[in-house]
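For reference, the structure discussed in these notes is given below.
Which chain is which? They are A, B, C and D, in the order written, and residues in each are numbered from 1.
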Amino acid sequence: MLNIALLGAGRIGQVHARSISANPDCTLVAVTDVAAEAAHNLAARFQAKVRSVDDILADAAIDAVLIATSTDTHSDLIERATAAGKAVLCEKPVDLALERALACQAKVARTGKPVMIGFNRRFDPNFAALKAAVDSGEIGKAELLAITSFDPAPPPVSYIKVSGGLFRDMMIHDFDIACWIMGGAPSKVTATASSLVDSEIGAAGDVDTAVVTLSWADGRIAVVKNSRRAGYGYDQRIELLGSEGLLSAKNELENTIEKITREGTRSAKPVYFFLERYMRAYEAEWAAFVHAIKTSTPVPVTLADGIAALACAEAATRSVRTGETVALRPEMPGGL
Amino acid sequence: MLNIALLGAGRIGQVHARSISANPDCTLVAVTDVAAEAAHNLAARFQAKVRSVDDILADAAIDAVLIATSTDTHSDLIERATAAGKAVLCEKPVDLALERALACQAKVARTGKPVMIGFNRRFDPNFAALKAAVDSGEIGKAELLAITSFDPAPPPVSYIKVSGGLFRDMMIHDFDIACWIMGGAPSKVTATASSLVDSEIGAAGDVDTAVVTLSWADGRIAVVKNSRRAGYGYDQRIELLGSEGLLSAKNELENTIEKITREGTRSAKPVYFFLERYMRAYEAEWAAFVHAIKTSTPVPVTLADGIAALACAEAATRSVRTGETVALRPEMPGGL
Amino acid sequence: MLNIALLGAGRIGQVHARSISANPDCTLVAVTDVAAEAAHNLAARFQAKVRSVDDILADAAIDAVLIATSTDTHSDLIERATAAGKAVLCEKPVDLALERALACQAKVARTGKPVMIGFNRRFDPNFAALKAAVDSGEIGKAELLAITSFDPAPPPVSYIKVSGGLFRDMMIHDFDIACWIMGGAPSKVTATASSLVDSEIGAAGDVDTAVVTLSWADGRIAVVKNSRRAGYGYDQRIELLGSEGLLSAKNELENTIEKITREGTRSAKPVYFFLERYMRAYEAEWAAFVHAIKTSTPVPVTLADGIAALACAEAATRSVRTGETVALRPEMPGGL
Amino acid sequence: MLNIALLGAGRIGQVHARSISANPDCTLVAVTDVAAEAAHNLAARFQAKVRSVDDILADAAIDAVLIATSTDTHSDLIERATAAGKAVLCEKPVDLALERALACQAKVARTGKPVMIGFNRRFDPNFAALKAAVDSGEIGKAELLAITSFDPAPPPVSYIKVSGGLFRDMMIHDFDIACWIMGGAPSKVTATASSLVDSEIGAAGDVDTAVVTLSWADGRIAVVKNSRRAGYGYDQRIELLGSEGLLSAKNELENTIEKITREGTRSAKPVYFFLERYMRAYEAEWAAFVHAIKTSTPVPVTLADGIAALACAEAATRSVRTGETVALRPEMPGGL
């Protein structure tokens, strides 16, 4: 039975608290948050204690921490927690700055402690089934990957301003999916982006609609489409053309009802947002982390994976600015 | 907070135990089963006590009982529990014999205690959405209902022999759905049935494949198809033609993956059986019962509903034997 | 090159004229119709001559006739044409009266000339693909067949009055499909029917909504649903449960457009009526007839097939009246 | 009644000959081809005469010519035919060289004769329905367009070598669709491409797999995916995200059959290639041309449209070479 501390009691922290408490192999023992009330509410609901970060890290009885704090604290907390001997599951992104993330990676390496990055979508049953089918050769050799990832509605501009921008905040999930399915980071990145959804997003220096093309040294290509506003729900699809066929993961819909009238056929729309779509993924993600820690096996999403996705985001940001294709640094884990 | 006792710790009892323990407005305090080990295992898992039926019914602190014992005990236990002042949720069918169920209904009426019958499918999100769409007039006036209900594989013949037969054991769910959607019991029933799946089922005097047509006094028609063996999973669909369109509830599938190759397009099959398909329905069913008891409002599925479905089953059984259309007794709640 | 005469220049006659003229192995040389103007218009359009029935049948240069006249003339014309040595393709039904059709069959038998009945749906590419899949054992042994067949809107009551009723006029197509897929006529028929769509249809003694269950001596079952008014288009589906799976033929839709908005997903409805749905089937039907005549091989839909479907229609009519299951005469080609 | 001459009796010429002969408002009177046998076969089949180009252009009785010769002859023939007073429908692309196409456009302008470019896909019923829905505002303002366009199998390398390359030969259709739906040419083009399918295509200096991103001055974005080898058929889909929803045109499938077994659900794959998918589009394209000529109204696809698509192809070719985003010349009809 692992003792877990949760750092961060905000929206995503609450999601993780549910996964932790639902897992039979661990116990949520401590919670911390800069917002005292949030910490107390969550602690009360899950029968945990509110403690300080220092206190948590000093407690030898705590085996692992889940970092769900604001992004600017991720690298520091990863470094401190691993130095204190804890296993870590940290929300994405590792950091907004690639350099800082690389420095964090170097420090963590010296501790030998496992750090897993919270790319929850890898644990979605549909995406996981697609990945398994690809890996078992069901459509031959992968050639052309297309990821569609639209949010239902844009976040407040106040959030946009501290988010690191669409590529680091939103498309980073898709970069990870692309690297995961293709088996490593791409060698080149080209991006086109605009602010079409909300002019305030553009005024804040960010984009809300983007297409990014990734290519690998062996010629394989991936393209990611993002929009901050689909309106109809959370549109999360993957489509991979291989040498022997096309494999795709469609959306999950609200229900299976269909109505046919003179006006046509009416059916359900995709489920609204990430809580509806990915709750099972969060649970499976946590279970995978707990399993890796318990069995001393590698975590399935590494800090290096988090850095590869961040490198793609940085390259896409640069490509939009310069209009040029950007090569990823050779030390990225691409070039399969 | 309602205190609940669970009578019956078999497969379906375990399903209900999960719903009871997941519901924030009630506590599972007692469990009983003729199989002592099953009772103890379930009690241990859900922190309840193993007690006798007599003991449970005598305990004034217990507000409601959930009856999930074998069918031949249902009527007796409903009568005893309501006489003891308990609210009751009883698994379907009420009884194998219509006469016995009617006698039970009369006794219960004198106690004034609420009895809900466990027709879980009414609480399936898809079927509930279809019913809501019908009731709000989305396809005009209902005319022709078609229910497809196939199990993945037949039960053992030992079960068949005590089940009361396909109409009372399996199609009773579909009779309830038909009565629920059409708003009352039919006036006539015609059945055609065979043993095609398993010759031992035929040897035991039962059928495994059946089509039953129900008609209402106003001319509306419903048809139910049952098979004990679809092979590919649990096929549970409803389709209603109304004066202004067609409304249907499709199956839930295992995932959203699609693969297109030279051989065609491959996608998922329906989820395998009732646990995969109806777990959310069982939870919603129990929540509806708890809500009704807490607010002293009528339970959404009554003992009369259970009797109407049983009357359909009895009529279908007779129709297969005689080759004639069977009229339901006038006291059934049909003739809308 | 076969010389063809078309008897009947009404709506369905015009459909056949197009198939005849599109077929490279035959020429439409003569047309007749009791309505002189219709005959002349069609003849002009397809460069044929208007001639009398007597004249056509006396012309040794005419190889085959396509009978698309009113139903009450079918038997007579089949008898006269075959007696005159012509091959015949006759629209369904053979006759409104089973006795008359049987007498016709006896006369035709003495001429040895081929008579094909126009059950066009057998030549629909979807239904033909389903039949081929069944016959090649793709879902094991057939067990439970379900046919849905809804017209978009009821015909005028004046048509209803001379139609022979829903079972002989409309469901006869579905009876043929059932016999074709199951490999012979059923042994028993049970019907339930109402007039829900148009009270004038009921006043004329006919029904507009019906469910008919057919069963074969070996226990296999088929159920047919008919409505004269789906509203949204022509709903033509087949679904067959076999011992190893479910095979279905869905509707053809107006287009492949899908729109997802806050209101849900909107897609196309089925194509409107038989001309949109079955034009390719009519062409293939005619090609199959021409092929059989040219190669002196059996026609794929025989007069016996037309009689089997008619026997089902007669049995269904009787079953509605009596409330009893009706056994088909033993001489029907069932009992596989 | 328009008299039509067909220049080119190859594969696509034969497709057009069928459309011409099926159209009631025109007659195919003359055919020419450098391959005498092809010309004679086609002429015999459609009762036209084989004549030389000079002869055809000199014949005042010929109203219009359809140019379906090899691409390198298009500009010359357009110029000569319009100079001779003929209306022209010319297959895509206008020319392999943008400069040559622009010179052709200038010459044609002086004749005042109508020239339509054969972008058949605009006349596909599905794509046309999507365009109509966009234009009527069904999903608000267009924002992000995605076109998937995969051929079933690559052409021989001998064809590739004279084709002008994937962008001018294959993706030019998609460029036209993008310009058509978005209402004008884009301002910038970025391309990523590889040879993954056939190494001989790479050795010939061409690519077989490509992703091209187009952007408009107002920030709207389109992305096109091409592969020369889908294997499973012709994959032709459009998907447009607008401010109020998502509109998509799916593939047409071989049939509507679905089979569910233990192995999952099996359904049809897309129709195999452009003849199966776009035959109706070719007919509608020709009907639109004939209608424009008869009514002296503008043709629906202009020479300028052909040049805009060619400009995109040229920009994409350059972008792959340089790794840079390429701006289209300001004289292109973009910048809505």
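Definition applied: a residue touches a chain if its C-beta (ideal position, glycine included) is under 8 Å from a C-beta of that chain, and two chains touch if they have at least 3 such contacts.
Keep in mind the model is a prediction, meaning the values are calculated, not measured.
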| item | value |
| --- | --- |
| Pair of chains joined by more contacts [C-beta pairs], A-D or A-C | A-D |
| Classification of the chain B:chain C interface as same or different, half of numbers criterion | same |
| Approximate Å spacing (C-alpha centroids) for the pair chain A, chain D | 41 |
| Approximate Å spacing (C-alpha centroids) for the pair chain A, chain C | 58 |
| Junction residues of chain B - those touching two or more other chains | 231-232, 235, 244-246, 260-262 |
| Chain D residues touching chain C - in the complex, by the definition given at the top | 125-126, 129-130, 133, 138-139, 244-252, 255-262 |
| Touching residues (chain side chain C, partner chain B) in the complex | 141, 143-144, 146, 148, 150, 188, 190, 192-197, 209-211, 213, 215, 219-221, 223, 225, 227, 229-232, 235, 241, 243-246, 323-325 |
| In the complex with chain D, residue positions of chain B that touch it | 231-233, 235, 253, 260-270 |
